[in-house]
Amino acid sequence: MDDLDDLYQEIILSHNKRPRNEGELNPHDHEAEGYNPLCGDRLQVYVRGGSDQIEAVQFTGEGCAISRASASMMTESVKSLGGAELEAKIAEVLQILTAKEEPTVDPFEMGELAALVGVRKFPPRVKCATLAWHTLQAALRDKNSISTESDD
Amino acid sequence: MDDLDDLYQEIILSHNKRPRNEGELNPHDHEAEGYNPLCGDRLQVYVRGGSDQIEAVQFTGEGCAISRASASMMTESVKSLGGAELEAKIAEVLQILTAKEEPTVDPFEMGELAALVGVRKFPPRVKCATLAWHTLQAALRDKNSISTESDD
Amino acid sequence: MPEFNIDKIRAAFPILSREIGNKPLVYLDSGATAQKPKAVIDRLTHFYEFENANIHRGVHYLSMNATTEYDEARETIAKAIGAPKVEEVIFTRGATESVNLVSNGLSETLVEGDEIVLTLMEHHANFVPWQILAEKKGLTLKFANVTDTGEIDMEHWKSLFSSKTKLATFTHVSNALGTINPVKEMTAFAKDKSDALVLIDGAQAVPHGKVNISDLGCDFYVFSGHKVFGPDGIGILWGRGELLNAFQPFQSGGDMIEHVSVSGTTFRQIPERFEAGTPNISGAIGLAAAFDYMENEVGWEAAEAHEQSILKYATERLSEIEGLHIRGTAPDKVGVISFTMDSAHPHDIGTILDTCGVAIRAGHHCAQPLMEHYKIAGTARASLAFYNNREDIDALITGLEKVQRFFG
Amino acid sequence: MPEFNIDKIRAAFPILSREIGNKPLVYLDSGATAQKPKAVIDRLTHFYEFENANIHRGVHYLSMNATTEYDEARETIAKAIGAPKVEEVIFTRGATESVNLVSNGLSETLVEGDEIVLTLMEHHANFVPWQILAEKKGLTLKFANVTDTGEIDMEHWKSLFSSKTKLATFTHVSNALGTINPVKEMTAFAKDKSDALVLIDGAQAVPHGKVNISDLGCDFYVFSGHKVFGPDGIGILWGRGELLNAFQPFQSGGDMIEHVSVSGTTFRQIPERFEAGTPNISGAIGLAAAFDYMENEVGWEAAEAHEQSILKYATERLSEIEGLHIRGTAPDKVGVISFTMDSAHPHDIGTILDTCGVAIRAGHHCAQPLMEHYKIAGTARASLAFYNNREDIDALITGLEKVQRFFG
């Protein structure tokens, strides 16, 4: 039960139920589709601006609570970031999700994103959580689609 | 030991060492090649005359003691047979070698061929003993080659 | 045959007494792979500890014995599935390889413009090989629709046949929906309407009741050993001898050749023709042990009746859950229950059930065309075998209540 | 690692304590298939009794665990054979399927007039697939001669290379003769002389000592699990990733696809690209257990040293028998002793030895081109593993004396 409460924290459930920034972003400068072939989930990420400076990010697509919440939080947390700061944010999230060692998460600094750390105890769900972030990366690099299988 | 003595009876060993009617028969009316793909053994059977009346049979080829002895005895036992009598002889030998039930062999009637019954206790060797007989059948039917695998 | 006693049956499957976390395992994923009775596991152990040898070419006792047992395994399986001729039973790695073998064999004879009739409920294993072949050869694939209850739309399916139809292939039982298709009638129609060959994918049928291939009238029938309580890495292709012997070999190497020389090679007839190299000997013997177990220790009819009673119970209980939709409600079904929930994604359902010790699948079940047809990304699927009981279903329901607590 | 103690080693192989008739089993047929240590058998049993599940698509514990174990098996094997990248290790049914996979993959790129250099000592598994491909594509096969001692005639082999050579393939160790070929030097020559790809058939090498693929410089390396103390129905293809990913899939179905729809399908990268359908999961895990056993319980070096000492003893004892000719007398050999006797045919030798409990092979050993070259129909072959001892050889000699009593 404990682990499950870690996974489905209130914050995750709430982002899943009422995702922020869901819907196609028009106009947009970049977009990509992320795909998890094992469960069939798909996610589109739309970006206005670019790596230097993100103006807005939105997403559409189907997915489980983890992938939707992660996408929703992603759109909020990278808005208005750019350059090294943006890269660091993406890297940080992927790091806490996939690093071999238990990460030390500073909830004060990470904000809501700290909730994602509960996914670590559910290895097959990690890809659900990383999907939005990988897709964002792909969009910024104008790679039109990524699949969780070829990507990590 | 007992079984082995049944298999390699004196009569078999002697036919193996000094096979009768070995060598190509010239001229001949029929010939066929028999082949055992599992061990690679080959046997050629040459017939003068035909199903109605065999005048002479000879054989060439490589093989184990069982296949050589069986071939040698075959050439002797079918010589001058024909028609139903010939068919019956072939059928009889194949029967004592392959019938599910233990055959009753009358050594008086069967002659030397009775020695072949010892092969029954060595199932993988049965094909060695039948090869010459199947090849004879093939020759008489002008089927140029047979293989123990496609034949039984 | 002993009476069907579910507790005794469960005791014969060692894994069913294990715990997951500290909850008893509730295994509702037999559609993915079935659990193995002790009889099968012991047979494998005995083979490796006492009988292991390579087959065919040996003159020594162990090799002859292994050869006999391998041959007898083929006979046992042929008899169990009603194959008219023993040599028509080919050992493969599984249903997937069996379909690939046939598609490879047919690639020699099918020509541009030929048509294959499939259904939208095929597993990828009976879909992708035909798609690849179609692309290579310029064939046309025609897909029968599936109705809302999860049955093949028969009128539509029948309308797909033409004089160009060279193959009709369909699954006996849908792995995603549980639907039992009327394969005998379908085969008769296909044969009547065209001179199409008929291949039936029996992967999800064989574990749920006795199949008699002779009775079906088809040309090819495929299934996997691991789904029918047998070992991994073994499966069956049954096909008509005259068709199989006309196929070029699928793989080549030892045992399938008649004679090899630098100047050319001749191939043997079935079954060796398609069993190049050392086969999965213990796998074949273990699969025969699984059929023996089903025939002699369990009884297919009793197993089927029991499974149906659990299916009925499960369907009733699940229907009581608000916002839960069973996908696949055909009257003729095996114990496969796919469902979606309004509140929760299949993946989340699967994860929460897992924490309750309940093992189900979540996803597209290798049936993406079907999912696209239903416009869903996937379902949660509880799949039964004769060793499941009511307590398993109760645990499932309890788990789903937990899902609702999180997502309701 | 424990010290190498032959009695302890033998005790780890349950079959070695059985009797044949009332004689202790003397197993000298490891070249056909190796016996399995208890560690491997127990690993299989444990999997089936406690861990059995399908892999990849599951969100439940058993499925995740089986997936992890399957992936770890690949890692263990990759490490054991020195494969540079884990994903380059593909699970197949055996060496035969591995070669077929490569020949199928190359069929897309090889064109009429291209040449393949082989040797006359190839097993049918590394011969027939190329012969079939050559026929289909109009390729030329060139065969290197074998010398009287049973070695590849290197001058002749080298002379076969040309600018048209697209593949050189050779066995690491001859199954019929035991010869260890200088595969590293051969690979270097082939790469230097041409841009041929190099495929090495390691089926008879891997059981006899540690192989380090990275060290060899080849492009493909194949072997079978059952010959290296692992389970049936599993084998390995190692190949360079960029080559394998450029191959079209060999078989298609579940797990190897990225996305399937009615309009088209995309395929995954290695290893999944070539592992369509449910793989032999327990087979892969059992094979990893076999490598673990060899690395941690036995030690490859000690195993090799022991086998060589038995080979030496056997060669000496056999040489004393009049009219017995050892075929294959290369200085670099594994424990394979093929022989013929003036007085007795190999089949008769095999039968008589069998009545003494001594298991050997008799025949062409799936190497007919080699037999034709030697102008013999076959040989008797005693093949060793590290679990054989001097007593096994003494029993063989006693048996051969019996052969002489019948045929001398």
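Points to keep in mind about this one:
Should a chain be cited, it is by its letter among A, B, C and D, assigned in written order, with residues numbered from 1 in that chain.
In this text, contacts are C-beta pairs under 8 Å (C-beta built on N, C-alpha and C of every residue); 3 or more make two chains touch, one makes a residue touch a chain.
Here the structure is a predicted model, which means the values were calculated and not measured.
The distance from the centre of chain A to the centre of chain C, each centre being the mean of the chain's C-alpha atoms, comes to 37 Å. For this pair, chain C with chain D, the centres built from the Cα atoms lie 31 Å apart. Centres computed as Cα averages put chain A at a distance of 47 Å from chain D.
Counting only residues that touch two or more partner chains, chain B has 38-39, 125.
Residue numbers of chain C whose C-beta contacts span two or more other chains: 57-59, 257, 259, 347, 351, 362-363, 368. Because contacts link the chains in a way that matches no line, ring, star or complete pattern, their graph is best described as other. Per the contact rule defined earlier, chains pair up in contact as A-C, A-D, B-C, B-D, C-D.
By the touch criterion given at the top, residues 56-59, 64, 257-259, 268-269, 272 of chain C touch chain B in their complex.
By the touch criterion given at the top, residues 1, 3-4, 7-8, 13, 38-42, 62-66, 122, 125, 128 of chain B touch chain D in their complex. Remark: chain A residues 35, 37-39, 123-125, 147, 149-150 touch chain D in the complex.
Partner chain B is touched in their complex by these residues of chain D: 344-348, 351-352, 355, 362-364, 368, 371, 377-378, 406-407. The part of chain C that touches chain D in the complex is made up of residues 14-15, 18, 20-21, 25, 27, 29, 32-33, 35-36, 38, 40-41, 44-45, 48-54, 57-63, 93-97, 99-100, 120, 123-129, 131-132, 141, 143, 224, 226, 231-234, 249, 251-255, 257, 259-262, 264-265, 276-283, 347, 350-351, 353-354, 358-363, 365-366, 368-369, 372.
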